[in-house]
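Presented sequentially are two complexes of subunit A, the first with subunit B as partner and the second with subunit C.
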Partner chain A sequence: MLWSRRTVFMALVVGGPVVVAIIVRALVGMDLLSGRGMVDGRPITVDGPIIFGLMIWGFYLRFAVPLLGVFYGTALIADEVEDKTITYLFTRPLSRGAVLVGKYLAYLVSTGLVVLPSVMLVFFLVVPVLGGEIGSAFPSLVTDLALLALGLAVYGALFALVGAWFKRPLLTGLVFIFGWEPIVVVVPGYMKRLTVSYYLQGLVPHAMPQEGLVSTILSILQANEVFPSAAMSVLGLGAILVGGLGLATWLVERREYVLEQ
Partner chain B sequence: MCSSNEPSGGTFTRRSRYNLVPTVGAASAPNGAENLMTRQTRFFVLGAGGLLVVGLCTGLFAYVNREAALAVSGAGPIELRYVPANASVVGYANIREVMLSDVRERIRNLAPDGVGENELETQLGLDVELDIDHMVAFLAPSEDDRPAGLALFRGRFDTARLEGVARGRGATVETYEGKRLVSVEAGDAGSLAMVFMEPGLVAVGDLSTVQQAISRGLQAADVTSNPDMMALLELVEDDSNAWAVGQFGDLSALGFLPDDVSSQMPAVSAFAVSGRVTDGVTGSLSIEGRDEEAGQNLRDVLRGFLALATMQTNDRPELQTMLESLQLSGVGAYATLSFWIPSDALDLILSSSDES
Partner chain C sequence: MTPIHDQSYRRYAGVRQEPGSAWLTIATTGIRTILGKKLFLLVLLAAWGQFFVRAVTFYLSANFPNLEILAPSVETFRQFFEIQEIFVLFVTVYVGSGLVANDRRSNAIQIYLSKPLSRVEYVVGKLGTLVFFLLLVTLAPALALLFLEIMFSASVAFVGANLFLIPAITLYALVEVLLSAFTMLALSSLTTSARYTAMLYAGVVLFTAALFSILFGITNSSALAWLSFRANLDQIGDVIFRLPPRYDSSWFLSVVVVALLIGLSVFVLERRVRGVEVVT
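For the complex of A and B:
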């Protein structure tokens, strides 16, 4: 899994924020970025932790985590079917469900060991600029890391189910994260409860710095959104994780995968 | 389900890895490939895991050793060594956090011209939002009528410009115990002085207090040697970005409290107030009575005040959240009131103060 072609893609996805962080650091070092500006006629000042919070929000939670979940989660079973190697796995003396859970755990370790160090690099590159302090921002880093790990776990479980169920899981997954979720989350009503991002983003404000600019930007981004409480978010994510992985296991145990000759 | 095609992806990339056959001629190649992959994976896991662990340890170290709003168990902010042991009131504010807070934005909306910071920047080259990190201030009894007061600002300062501006306003610059001391006569306020205590630390106050602070910085007698004040610091919330502690007995000695006010609070001996300013204000106020009976009376008074406030705001839903957040607690001689002023209630309070 780790040394597949997707690794190049994954490196690009998680390397992008690191490059952006290096650019931010360089711009600040050359006094080309002051962290001061105007929003709606109001002067605003941003510092390193605020930039880090925005990068976590924009680069990782909104983009990298769902995308990695789709690419790797759907591949857990679908790739084995497509590459006609699933026979080798299913003829092993262990249950099919155990195979899937093992591959899911490998997915968690692989993506976690790529995404989380990337976040760590971004943290140490960005947070100290413009007067930010690493020590003060450390609790938010821990929260963000936990949130990203939770996101990877939930999206992975959901797309493991998609991979075990649908014939074209990658396309289905991409439609889900770039079509269904962004649209439904901003539509009034109860449909947003059928998304992962609704519950995941419900936890984000607890992880984001509570400074003025962030609040302003979040209020713009979340103008029509009513997020659940933290407890509700955790419950929802837990249900998706357990339900997704359980259903995927159940499906893999009972389904006969016919390989095209 | 079996296929004769060579697998090209998935979990495994070579069929030989599924069914390793230890034949004489073919055994070495698959094993070599497997070892290579294992080594790469091992290096990756060790590298990524090591990066995570090192990062977390570094962050944790920085967190534990950060310059906290209040270092309760230690000596407190480093500027406390300039505060005299007999200080009656000591306060701290993390200017940078407060200036970046949403509360500050709301105040700025009400006072677009600022509250003097533009003038500070023009006159002294001092940008309050960027140049000052935090401040420590204190009041202490003095021999004359006025209390001795000093404010210590930690940040980044253009010392040459500050001195130049002060000179332009008639100040004199002298060297006092090795420090550059800028002083100016301010009429009834007496002599005001500013001194660069150390790189990044400016003290402003009356001349004699500043001189004493310089001397105190070179010696060991400071407020950290006062057990009563340090015990009050224990009451301050750890994550607060502004706090103040004081002893009422000494406050009366300061001479600025009216006698009728002093006589109305004979049972109170000390207080500690701390808060965290973000998009709202959270904090707590702890009051220490002279004895347990006084503590019980204080709690009763505060309980009555809460009940009255609740009755008065039944038709003010915007204040209900704030009142519901008020929590009264305390044992023995202490009464503690914790509070949370949400942004909506803050808007109301600020707009009311603006109208008045």
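For the complex of A and C:
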């Protein structure tokens, strides 16, 4: 999986934040970025850890992780069907479910090997700027890395199910992450519990800086009970992971894939 | 006795078409193929959902005086396009991702260009398919809404007072559709996989949006809105609909970025859509 053309796409997705981090570092080095500004007449200061928190949320959790999940997760079975190679896999002396789980684990390792180093690079480039300290921000890096690994695992499992179920899994996946999730998350009631991002949001504030503008906004949102508790989030994500992968395995075991001539 | 048919040379008995009209055949064939897909019809129905909801609100506001709050305004039509953006993304991905990539995969471009068909006609034909469906979810419902407003209110007062809406709707729809169509077609010509193209396009749109929101968070200014694919369209849209621009950046800069993106896409298409690849 790592030595394929897809890795170029993955490198572009996770390379973008690194390039932005380099630019931010250069701008701060040239005194072109001060991190000070005004919001509603109040002076605010943005430091390295806050910028890192913004990048983790904006680039990785909201962009890279769902996109890589859709791209690789839906491809686990759909690509084999499209390339008409699924027959060779299913004639091997091992269960169909094992094939899917094996491919899913390969996805986890290959995306993890690319995404997590990218986060490390961004951390060391961005956190020390504008008065930030690597030492004090390091625990949040560990939390962020765990969160990203969890996000990759959950989105991958969900889209493995979509790939095993639907004939056009990519469009279904894109509709889910860019149509369903952003709309349902703001709808009052229980609807938002049918998304992955709702549970991920519940864990993000623990990984983000506790001071500054971002945490202020998050605390306002939390006061309105927008986010679930950490325990509920882990439980929800675990259920999606196990349920998604389990259902995908069950489907692959039973479904007959008809190859188009 | 079975009749023996003459298999020797015969003159072409068909209708000769003017050079330059072959693109229409490609476009209509593409449109027919897409319309035959049930899933796409569902996407199209969902894309028209907003039209039906707005039509009901227009009817209520026109017939029940106490529901005047639902009356249409210029902002209503601007918001209509904003909500349609998500469907523009889905239709672009569904229809456009395989337009050139699938032909490259099956080496069909060589077969296309061995016919009396120029590269420009090929590209325009493919573009026509995508543009048709994109206009079907942007321009067509917006103009239909304007028409419904006249019908329900039995008056041309609103349209008369906002006559600029007709060119504004047309112009904004064209800018949005042409940018999406050219970008997608250029990306489609870069690979042989429709899936890969779809992800590249979604990646470009979403990465630039994420980039802008993060820079907004760092600098507390929207002066870098021109970096975002969508923010450029939003900025241009506000100006076209005579509303105050929502970002600090110049709207003219957004126009330049959109023009550059379309120009870059044309350049990529010119380089990639060739009958024979010359390796030096």
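As a convention for this text, the second predicted complex is superposed on the first by the 251 of 261 C-alpha atoms of A that agree within 3 Å, B and C clash if a C-alpha of one lies under 4 Å from a C-alpha of the other, contacts with A are read in each partner's own complex, and residues count from 1 in each chain.
Please note the rule applied: a contact is a pair of C-beta atoms (placed from the backbone, for glycine too) under 8 Å apart; a residue touches a chain by one contact, two chains touch by 3 or more.
Owing to the predicted nature of the structure, the values given are computational and were not obtained by experimental measurement.
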Clash or fit: subunit B against subunit C, after overlaying the two structures on subunit A? fit
May I ask you to decide whether A:V20 touches subunit B, subunit C, both, or neither, giving the answer as first, second, both or neither? second
Pick one for A:S136: touches subunit B only (first), subunit C only (second), both, or neither. first
Going by the contact rule stated at the top, is it subunit B or subunit C that touches a larger number of residues on subunit A? B
Which partner does A:F123 contact after superposing on A: first (subunit B), second (subunit C), both, neither? first
Looking at the overlay, what does A:L251 touch: subunit B (first), subunit C (second), both, or neither? neither
May I ask you to decide whether A:V196 touches subunit B, subunit C, both, or neither, giving the answer as first, second, both or neither? neither
Going by the contact rule set out at the top, does A:M55 touch subunit B (first), subunit C (second), both, or neither? second
Partner chain in contact with A:L100 - subunit B first, subunit C second, else both or neither: neither
So, A:L113: does it touch subunit B (first), subunit C (second), both, or neither? first
Centroid geometry (CA): angle subunit B/subunit A/subunit C, rounded to a multiple of 10 degrees: 130
Superposed on chain A, how close does subunit B come to subunit C by Cα atoms? Whole Å, please. 9
Interface residues of subunit A shared between complexes with subunit B and subunit C: 5, 44, 79, 82
For the subunit B and subunit A complex, residues of the former touching the latter: 1-3, 5, 7-12, 15, 18-19, 37, 40-41, 44-45, 48-49, 51-52, 55-56, 58-60, 62-67, 96, 99-102, 104-105, 108-109, 129-130, 133, 278-279
Per the contact definition, I'd like the list of subunit A residues that touch subunit B in the complex. 1-5, 36, 42-45, 47, 50, 79-80, 82-90, 103, 109, 113-114, 116-117, 120-121, 123-124, 131, 133-136, 138-139, 141-142, 210-212, 215-216, 257-259, 261
Subunit A partner, complex, touching residues on subunit C are 39, 43, 86, 89-90, 93-94, 191, 195-196, 198-200, 202-203, 206-207, 210-211, 213-214, 217-221
Which subunit A residues qualify as touching subunit C in the complex? 5-6, 9, 12-13, 16, 20, 24, 33, 35, 37-39, 44, 46, 51, 54-55, 58-59, 62-63, 67, 70-71, 75, 78-79, 82, 167-168, 170-171, 174-175, 178-179, 213-214
